[in-house]
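Chain lettering (A, B, C and D) follows the sequence in which the chains are written, and residue indices restart at 1 in each chain.
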Amino acid sequence: MTTFLACGLILAGVGFYLAGTVGLLRFPDVYSRLHALTKADNTGLGLLALGVALLAGSPRLALLIALVWLVAIIAASVACHLIAGYALQVGECGDEDDR
Amino acid sequence: MTALDSLLALLLLLLAARCVSARSLLQAIVAFIVLGLLLALSWVRLEAPDLALAEAAIGAGLLGVLLLGTWRSLPLGHGNERIPLPWQGLRPALITTGCTVLAVLLTVALHQHPEQAAMSGLAALDQLDAAGVDQPVTAVLLNFRAYDTLLEMGVLLMALIGTLMLDSPLPRDTELPARTMLPATLAQLFLPLILLIGLYLVWAGAYSPGGAFQGGAVLAGAGVLLILTGFGEGDGRDGWVLRALLAGGALVFTLAGLLLIPVTGAFMAYPQGLVTPIMVLIEFSLALSIALSLLLLYTGTPGLRRRGER
Amino acid sequence: MTGIEPLAVAAAGLMGIGLYGFCLCRHAVRRLLSINLFGNGVFLALILIARRLPDGPDPVPHAMVLTGIVIAVSATAFGLALVRRQARTRGDDET
Amino acid sequence: MTLLVLDAAAFMLLLLLGLGLIRVIAGPAGADRILAVQLSGTTTVGLLLLLAVRLEEPALIHAALLFVLFAALLALAFVRRAPPRGGDR
């Protein structure tokens, strides 16, 4: 039963990753792509981590996996905040990195 | 799993080609950073979690940031170039032929399975009981390749001395695009965690993947985080404490090896019963030296200070 | 022999591409990146060889690769310091 | 069955990482590239967690933890530079 639940959660997580990647590729500008990354990706990692934690078998490892997810959310939100601020300041002037 | 390996190999080659052929230097650097991620996955697939840890600490925490920092310090457009494609001229064509032949020969060679390969490893595994630690890679590093570890520390220090003689520190960080408290908060939240996992890796190196180098690299990453979030910066002057810590790893290692010669009769052999405490002492001093050397290699300065301190 | 090992192809390919970049790139940072590509190929090859042992991976190549990573990082950091110094010296000359 | 699901999920994730590389290569702006690098980082972490269970190697969770702890460093290093337009740089 737990195994089925874990497999379902992992597959659902992969589905969110899929949504995130599609969003990254298909959304029109930087700001909407940020959505794709932070929302879908962290939910994906969350569901995946939950599934993996169920399979891990020991509470210590499960807690460690939960910590990975928690740190990932914090890091991703800060990173996206910074990137958004940068994009806003630079403006979407295209290939500014070819300087 | 073979499908996974094939895809991994394909992506590795794709990114390597991108890294070499991208016109802008930034794009080449970004491709190299992503290649580091995939390399970590390759280490996992090749049953080398030690190397995956090292790649995580070095690739994500140090090398990528150093490359980006150096790129930022270069003048506009510096390093943007178009590499000639294989069919554009005689020289590229010849070089391509040579490299392709090399790659094909190497692929063939790597698929050969000669008899009695890797005798050194069998010998080392047989002797593992004699060592004080259980984890094969750390045990090999500390016992059978003690000279190697010592000289590796020496190479790190030499690179640091060379870098300091060049007197070309990374430029001071510019202000963040948005006035925000978030990075500082991030540093305060993550710093204890990073330090904890760094020290844990040094400690755990004895019986699970990890060790002085991985732990030291993680500690250096903590320093880089402090510098990037504006808590610290490189200093043009150095202090004796810092120098002592830098030399500490190599010194403790050599002294422990030399002073115990009267007891054990051999260089770098440790008396029974005292092996574990001596190993722990050596590992921690090595990790500290490695962390500080890597951090100073990043800043390119002989010292460190708090931001704003004179 | 059990078919083609994909990561062996990747190791050889990384060495080939790294050498190509090293020969044809002019800028120092790009050459450093190319050397690192080549080095990563060598590391992969070493670890692949380490797996030939019947009982578990051979720890000696693992230790060698770990040492190799340390040395690659310190050499790259030194190279980048050289590049910064060179750029600064040239900038001083032009002004 | 669990192994099959784990293998399939790992393969899918690596495939998605590869697709995300299109954004790394195509850009168009530097922010897009660094965003795509962040996504590949998170995907790598997911893969590491999956493989940790699949290969029964708990040390991989430590590697995953290191990757997420250092994930923000690259973004920080990237945005900390003078704006390319205007200014004296």
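One rule holds for everything that comes next: a contact is a pair of C-beta atoms (placed from the backbone, for glycine too) under 8 Å apart; a residue touches a chain by one contact, two chains touch by 3 or more.
Just so we're clear, the structure is a prediction, and the values are computed from it rather than from any experiment.
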Exercise. If you average the Cα atoms per chain, which one ends up farthest from subunit B?
Worked result: A
Seminar exercise, completed: The pair out of B-C and A-D sharing more C-beta contacts is B-C
Exercise. Counting in whole Å, what is the centre-to-centre distance of subunit B and subunit C, each centre being its mean C-alpha position?
Worked result: 12
For this session: Could you tell me the distance, in whole angstrom, between the mean C-alpha positions of subunit A and subunit D?
Result: 9
Problem set entry | subunit B and subunit D, separation of their C-alpha mean positions in angstrom | 19
For this session: Report, in whole Å, the distance between the mean C-alpha point of subunit A and the mean C-alpha point of subunit B.
Result: 27
Problem set entry | subunit B residues counted as touching two or more neighbouring chains | 8, 10, 26-27, 45, 47, 76, 176-177, 183, 186, 190, 193
Exercise. Mind pulling the subunit D residues that touch 2 or more other chains?
Worked result: 27, 30, 33-34, 58, 62, 65, 69, 71-72, 74, 76, 78-79, 83-84
Seminar exercise, completed: Within subunit C, the set of residues that touch 2 or more other chains is none
For this session: By the touch definition up top, name every chain pair that qualifies.
Result: A-B, A-D, B-C, B-D
Problem set entry | Residues on subunit C engaged by subunit B in the complex (per definition of touch) | 1, 4-21, 23-27, 29-30, 33-34, 36-37, 40, 43-45, 47-53, 55-67, 69-71, 73-78, 80-85, 87-88, 91
Seminar exercise, completed: Per the touch rule, the subunit A residues reaching subunit D in their complex are 3, 6-7, 10-11, 13-14, 17-18, 20-21, 24-25, 30, 33-34, 37, 41-42, 44-45, 48-49, 52, 55-56, 61, 64-65, 67-68, 71-72, 75-76, 78-80, 82-83, 85-87, 89-97, 99
Exercise. Which residues, counting only subunit D, touch subunit B once they are in their complex?
Worked result: 7, 10-11, 14-15, 17-18, 21, 24-25, 27, 30, 33-34, 37, 40-41, 44, 47-48, 51, 55, 57-60, 62-63, 65-67, 69-74, 76-84, 89
For this session: Using the touch rule from the top, collect the residues of subunit D that touch subunit A in their complex.
Result: 1-2, 5-6, 9, 12-13, 16, 19-20, 22-23, 27-36, 38-39, 42-43, 45-46, 49-50, 52-53, 58, 61-62, 64-65, 68-69, 71-72, 74-76, 78-79, 83-85
Exercise. So in the complex, which bits of subunit B are touching subunit C?
Worked result: 2, 5-6, 8-10, 12-13, 16-17, 19-20, 25, 28-29, 32, 35, 39, 42-43, 45-48, 50-51, 54-55, 58, 62-63, 66-67, 70-71, 73-75, 78-79, 81, 83-84, 92, 95-96, 98-100, 102-107, 110-111, 113, 117-118, 120-122, 124-125, 136-137, 139-141, 144-145, 148-149, 152, 155-156, 158-160, 162-163, 166-168, 170, 211, 213, 290, 293-294, 297-298, 300
